[in-house]
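Chain naming follows the written order as A, B, C, D and E, and within any one chain the residues start at number 1.
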């Protein structure tokens, strides 16, 4: 099985317009992935599945990843003319900018027929709030049906073209998406007397005099 | 009018009757007839009531032991008080009757079921002189009482006014009706050979031993053995026991027509099931296993009712043994087994029995020919139909991956 | 009989239902089997739409045992997630631990000593024996054998659990593997115990097969029931014995050749019909293969350290990056996908649950069959709700 | 001595038949019908004909009651089988009386003209099952076979008419 | 031929029925209250704190409240408050001791990670499994007094492991002793720089100690 770059070139050869970039994976596992654009994702997937040389017929794993907005402080060196006419001073200027986050869906593809290893596709939504739609790959691989429903349920990514997009783990009336990084736990839970940390703080807030406050050592 | 105990027989044989006559002697003339009837009824209820209690315990013990665990042994010594504990539990459980159930029928169903399954004991010859009722058409009476139990199952299913129990009651009825036929057809050869419908005469017809060792029981003849097997399979289905316990199966939506019953009514249904099981196996013993006949001449000293009880217990243990082992049949397979396998076999068995009775006179080498032809008439249809029944079903061989 | 007053759960959007009966005669009955139905192997629910006896639509409903295992994984260190993996598929804690350890070792590039690899293979094959015999027991229970085969399977399972307890300290929650090896070195008499078990297991399997495999009622109930084509199985991501029952030769022990599996010779049984009987038989034959592996592994167990001396127990911070490690668990391909950002907690901790994905085709197998068949088909798919709901 | 028991049985038969006619709930009336059939079987027993009595119970209480109940259930679309009884009008009452008068007269005439002398003792000489069998197989054999054939033909006809063409179910193809 | 599979199955159940009376392998039930299960040595239930001897449990706690186990515990069920003052420990060196050491056994899943990460062998896994209580909150939060158990009990439940731990501790004490003697010798010689800061993770140096109580 050729390397990721060769695969990308092969895909680009087949689909000239598609925007495919390689996302390097610094860890020793060296499982690099291909970032696809939402528009051409399904055709690429069909190609990967049906191309005689590739035949990726099993989509083993579909994972949702939440990349929240990142505040990047980049320091740039600026030479300021010294108002007092002295030599120009080099001073670092910190400029804060917010890089918009995204919801990402990672597909691990394997080929049972040709027994070769994972090709990892990544699809990213435009942002985390309003446009969170991605093309569903269930028509290509049936195994994505439940896993995409789980990503929809826990992350909030809407999959266009999914046959039965409903919540799968949480109950239908649930509003929030628990796996997002900025998920706030609902405060309605039964207090467990774990003796310390924010659990104890939350407990004190719930039950003014918790029955099991850890007593001071008896003298 | 009451049959006075014959004095010719051994002491143990007539002991129960002499006890009864002594007791009746104490009463004035007018009450004698009633009390002798009452004594027989009380005797049957006591014996089979206790047998029901200890059958439930035996079943759980055997099921336990088969599964390498002791079974109930906490109540009393070795769990002997367990049935009474279950009885108390059933009595103290709240008896919930659904609001829009048909009160009268809902109450009547278990009562009718238990009554009908008890009626069957009236004609079973427990011992040489221990026959509750001497009827000319005894076997027909037994199956008439048996056939009416379907009515009670329907009443239970309908009265609960619950869609699932009605659906399941319909299934139970389909099972009972489709196994009524093989049950009746399998005892007709016995009546043909014994020439009578009365159970006592059928048992006496199976008396005597060739060479003191081989008894003349019908089960030891080819058509008798086939009839016995069909009778037992049909009896299993009639009493909703293991391979056919579809109505209470957990794969069923809910617990069949017993869904809306709780407390003692639920226990009554199981009492009826066990009475039905005892009655059917009692009839099987009478028809095929020579009732109270001893297996060989020199064993005559053991009283006849002991032989009947022994054979009955062996059959009941067989019921439990099958329950511990076999999986359940699906509904369509169950009815297909009845209509396409058991009924044809029972009809062919009629032919074999006819051949057997016609060639009764053959002796010497002809005897072997007679046995050979009879065996052929039994085995070949079994094998041919067996293969057609299990056409698409066979153990498979498996290949292994090349790499 | 109008549709029961059970208000049907909201199921907007057409589902993948191929009309089994073109002409609808009579009323459809919507029944909810579960979540505490006696034969659904845990809190699992199926909304079944019945036309008389045959199933027209079957919607599985999960989530009753959902603890958000993956969010827990993100809030604790790598080591602290190891005891939680025991609670995923609570029948096979050793293979869950191993899958997680493989993923982390791939992420951080850790080496694993020879002896640890052999011990891992021995424990994984013991878990496979335990899981497959339990499954066969539960399947017979659904067919109605009133518990006898299940008790025999549990009798053997107890022996294996005693081995796990004397090694790792707990029967089911072993928490035994670490990144770079195992926690405790098995003693000589433990290995002798494992050898005794392996020698005795063949006799149990023969007795089990004598009781069940030739049984006409069982064959009638399971052959031709719940057929699955190999194309649909591959596309639906079905893995493990259910996939091999349809004739696809896909066993990660052969395909990936992870650990020291290439050193052992064992065969991968394949079925032809992909029905419930094949799934049952494949598991029985796989148990026999596991016995072969076990005896070879026990014979060839090398000396040496059980834990890579350089492996750090605390303060384990793998460099940024991601890795997807998978092994052939008893239920199928169990995998862990980890994204690390250099801190002590994983950034994303994802479990690839085989039973959850194998359920995708439950509806396709049950359409047109009766309720009694649906129970058996669910039993043959072999799900454990701890892994399905995570 | 038997006369009061006889009257009681007769009363049970007539009462259950009468109530069965009046009741609105079809299932209850069907079950009462079964009660009246068993009453008739009791009569046979009183007359000493055990075989006929048990055959009556086996056939009627076992078989035909099931047919009646299944027929009632499968034809009633509504949940419970309440039969809407229309109010009696003068015309209906008249027709009813006329019909019962006709039937009554025929039965009374048959009873009076039959020269069967009711014997003093209640129990007629016992006719054993063996003689019954011999009679059936002997002189009446032709009638017995004819009845058998008619029943089978009726059964097969019913099945052919009732059975819809079932679509080949994927149930059992291997 | 139809039925042979059924008969073979019946034969197997019959063999088990008969076998359960004479073959111990076919009768696996342990009648619990009367017959206690024989626990393997590695069996682990809730943790307990090891004290050097039974006479003065609070005085000879091995635990030095380093709170490593509190950080590493997956469900965060251990709660430690350091003591303000120091107390001489087994080897006579003044050490901090835990003023409050509470384990919430309703949350603890006895995964023994605390035992694995504890550098002082102060916490070990117990084998006591009959610990039902009536009070859901108070009784399940075990405090220091309820958790402390003597080293002899440790020898009783984990014999081989206890011997290894004691050997290792004794050897460490001997090594620490020589270092202390060497340091003392060095100190009596020229005034060397302040003794190198003791690496926190290194086991504490102890003065010679009388052999541990039997």
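We take it that a contact is a pair of C-beta atoms (placed from the backbone, for glycine too) under 8 Å apart; a residue touches a chain by one contact, two chains touch by 3 or more.
Everything numeric in this text was worked out from a predicted model, so none of it was measured.
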Identity of the chain that, by mean CA position, is farthest from subunit B | A
Does B-E or B-C have the larger number of C-beta pairs in contact?
-> B-C
Which chain's mean C-alpha position is the greatest distance from subunit E's?
-> D
When you take the mean of every protein CA atom shown, which chain's own CA mean is nearest to it?
-> C
Dist(centroid_CA(subunit A), centroid_CA(subunit B)) in Å evaluates to 68
Using the average of all C-alpha atoms in each chain as its centre, how far is it in Å between subunit A and subunit D?
-> 78
Could you put a whole-Å number on the gap between the CA centroids of subunit C and subunit D?
-> 61
Approximate Å spacing (C-alpha centroids) for the pair subunit C, subunit E = 33
Name the residues of subunit C that each touch 2 or more other chains.
-> 1, 148, 152, 155, 211, 213-219, 223-224, 370
Multi-chain touching residues of subunit D, meaning two or more other chains, are 171-174
Return the residues of subunit E touching two or more other chains; collapse runs of consecutive numbers into ranges.
-> 2-3, 6, 9, 12-13, 16, 28
Residue set of subunit A touching subunit C in the complex reads 25-29, 31, 57-61, 63, 65, 106, 108, 112, 115, 118, 120, 141-147, 154, 163-172, 178-179, 183
Could you please specify the touching residues of subunit B with respect to subunit C in the complex?
-> 63, 66-69, 163, 242-243, 245, 249-253, 323-333, 390, 392-396, 398-403
Complex interface listing, subunit C residues touching subunit E = 76-77, 79-81, 83-84, 148, 152, 155, 158, 162, 165-170, 173, 175, 183-184, 207, 210-219, 313-314
Along subunit C, where are the residues that touch subunit A in the complex?
-> 9-16, 62-63, 66, 68, 70-71, 106-109, 232, 234-239, 248, 250, 255, 318-326, 333, 335, 337, 339-340, 348, 350, 352, 356-357, 359-361, 389-390
In the complex of these two chains, what residues of subunit C are touching subunit B?
-> 1, 4, 29, 31, 33, 37-39, 53, 140, 142-148, 151-152, 155, 211, 213-221, 223-224, 244, 249, 251, 254, 267-273, 277-278, 281-282, 285, 370-373, 375-376
